[in-house]
Amino acid sequence: MNLTPSDIAAVALSMKIAITATLISLPFGFAVAGLIVFGQFRGKVLLEVLVNLPLTLPPVVIGYFLLLLLGKHGWAGSALRAAGIEIIFTWKAAVIASATVGFPLLVRSIRLGMDSIDRQLLQASRSLGAPWYDTLATIVLPLSFRGMLAGSSLMFARSLGEFGATIIVAGNIPGLTQTIPLAIYDYASSPTGTTMALSLCLVSVVLSVAILFVHEGIGKKLEDGRSQ
Amino acid sequence: MKTTRHSFLRVVMLLCAFMTTAMPAMAGQLNLSAAASLKESINEMTDKYTAKHPGTTFVKNFGASGALAGQIENGAPADLFISASTEWMDYLKNKKLVDASSEKNFAYNLLVFAGATSKKVTGMNDLAGLDKIAIGSPKSVPAGDYAMQALKKAGLDQKLTGKLVMGKDVRECLMYAELGEVDGSFVYRTDALQAKKAKILFTVPDELYSRVTYPMALTSTGARNSEAKAFIEWLQSGEARSILKKYGFVLK
Amino acid sequence: MNLRFDIEKQLGEFSLKINSEISGERIGIFGSSGSGKSTLVHLIAGLLHPDSGELYLDETCLYSNRKRIDLSPEQRRIALVFQQAMLFPHLGVKANLLYGYKRCRPEHRKISPEALTKVLNLEHLLQRGVGNLSGGEKQRVALGRAVLANPRLLIMDEPLSALDDSLRYQIIPYLRSVSEEFRIPYLFISHSITEMQLMTDRVLVVRDGRISGISTPDELARTNMALSPHGYMNLLRLKDPVMLEGLYHYPWGTGSLIVSNGREEGESLFELSSRDIILFKKNPEAISARNLIECRVAEMFDSGGRKGIVLESGSQRLVAEIVRTAAEELEISPGATLFAAIKATSFRRLG
């Protein structure tokens, strides 16, 4: 197996985008999950539907919507351009694409974790003098770690495999946005590229498995630290 | 229960019959795989041909020549293959998937740089000053391969890393240029003539790339098909060539 | 401590409507499950919002529909002890204990962690995690955590219900220490009259979302005598027994009480059901029961179809329960002398 420099660039890019997308999504995912699990407000159902939407839409459609939003003539795009910020066809767009398709997975996992928190624990915290934001930070957050970890693992894996939305909104630019799936696509379009495609596929699998192990490891450490 | 089993088997057999009868091509149907840049011209030609020979209908598959060659290699039905470069025709010849004796040259084309940008672009040296440039993926799109040859020869390929957006075929590159997603794209002159917003900014100097050649040939299945043979003959006729000329292809 | 409430709350089919005022340092809230006592307590703590009304703790308005006041739980300074200890699983014992203390304003910090760990015997648990503690240990830590928050009022919501019998009465002294040592008024919720007798001075009785009365624990026990499966439970604190022939002779009243499972050292708490006392008009002289006590009828009361006879011996009292017809037959009246027979095995030691 021999990888060209642009292949290695694709691997590095994939990692960079997956890590960034996961990191920026975690706080939002936590906030949204918290709202859904503990909040009581009108329109909560709408929020749940919106969050789950990317799961039901084909990634290409999501990419197209993102393009509409952030593109040159898009709703947010023109404002961003005026501020000198380019999103489309940059690695930032790839991050946004990954974050968008992975978000429902993240929220779902965190929700599961939060649901298992006994409400009386939160009541205890409040009655001991902690306002809601204190309770959120000192009780809900630590007890949600498991869910957040599972969610970030899922999101990372999803991001590594993201293709449809990425190619629409970030394009296939070697060295800038060509992630592993896009590079594989490039190779696979050409009948002479199948062996190279396979090599990259292998790399992708190895990466995913490694990430899974890392998450399991962190999870175990948390458990050991708790049950002492 | 015996009766439900019976009806279930009946349905399964019907489905099989249906599927197998749908398989063989209808008499008079020709499968064409042609380079993306040939879309409009081939469409006009097949319309004209069917008008004259009502018994012949066409199933057309346009795409990047490399992708098409891969499809044919994997068993996609094709009677006739028109590639935008000799590379992919040679590829299939080596695999004995086309009838080498039927190979003829269809047309030639020119590589241009087209875009809708307001930036000043008059030649290859202005490219380094642009943000994004679309080219077909050289691994499967001839237009991209030609463009990459030109960039390498002009010594610009290293300078442009991170600026080249890969298109899956030449038409996608044109679309990027039309929408303004990129400053400009390497497309054929014939594609640029189809554009509405993008205009030809400069023609790529011929010495920088090998001549854009469209070889055509019958596939090994097509070689056994008399109608395919008739059609490939017609493609060399004056009628066909005048259509090519209309769209801006070079004939000599 | 004075609690004043006039609140309404509708929860599905159940409606709570409480208009009452109660003062004291050790107040009980008594009711069967589904009576609304938990709802009431959640409303007082601010964990549930009333539909309308007012709620005052001493001079502070905790909730007022009219004045648009609704203090959040952390502002009320009312700490809770739950039935399931509810210790924070990701924090150790020490961190749990200090949780409320840290969030307490310095001027309110009257009880120090050192004093508390001493009184509640938690010193040896401080370095432990909360996962492996026994039920009793967990409740002690939960209690300590609530007390260290230095609240104005402590609410204990059936804190003993999840514990084994043997454990329950060991924890009660710790719970009482809240008031005795730390001087924090408390609301003690339970469906056990015995617990009420041991923990509270006044009891608010809740039934079907309404207050059905305020009484002393003793009055409560008397009223429930006929309905309760055990009758009126006499609670006796006995000590310094003399062992004779395997039985414990505890000094009581003008003589002694003979108990089969006593304890040589220290003070013991015993339970004796009113139904285990047999009354004789005349001294029966030879009976199998080891206890035959001559006593005077101090008072009598009605409870359902039964008669409660309050017997006096010296300064001690016992309540016996007989059916009304028996009382008439024996012509029992206040001042009369009776003989009470009690088996040595009828006493149940609680702790």
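Chains here go by letter, A, B and C, matching the order in which they are written, and residues are numbered from 1 within each.
Following the convention adopted for this analysis, a residue touches a chain if its C-beta (ideal position, glycine included) is under 8 Å from a C-beta of that chain, and two chains touch if they have at least 3 such contacts.
Note that the structure is a prediction, hence the values are computed from the model and not measured.
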item	value
Farthest chain (mean CA position) relative to chain B	C
Centrality ranking, top chain (CA atoms only)	A
Rounded Å distance between chain A and chain B, as computed from the means of their C-alpha atoms	37
Chain B and chain C, separation of their C-alpha mean positions in angstrom	89
Distance from chain C to chain A - Cα centre to Cα centre, in angstrom	54
Overlap residues in chain C, where contacts from two or more other chains coincide	none
Residue ranges of chain C touching chain A (in the complex, touch as defined)	45-47, 72-74, 76-80, 82, 84, 86, 88-90, 92, 99-100, 103-104, 129, 131, 145-146, 149
Partner chain B, residues of chain A touching it in the complex	71-72, 86, 88-89, 171-176, 178, 182, 186-187, 189-193
Touching residues (chain side chain B, partner chain A) in the complex	64, 66-67, 69-70, 73, 91, 131-132, 137, 139-140, 161-168, 176, 179-182
List of chain A residues in touch with chain C within their complex	118, 120-121, 123-132, 134, 138-139, 142-143, 226-228
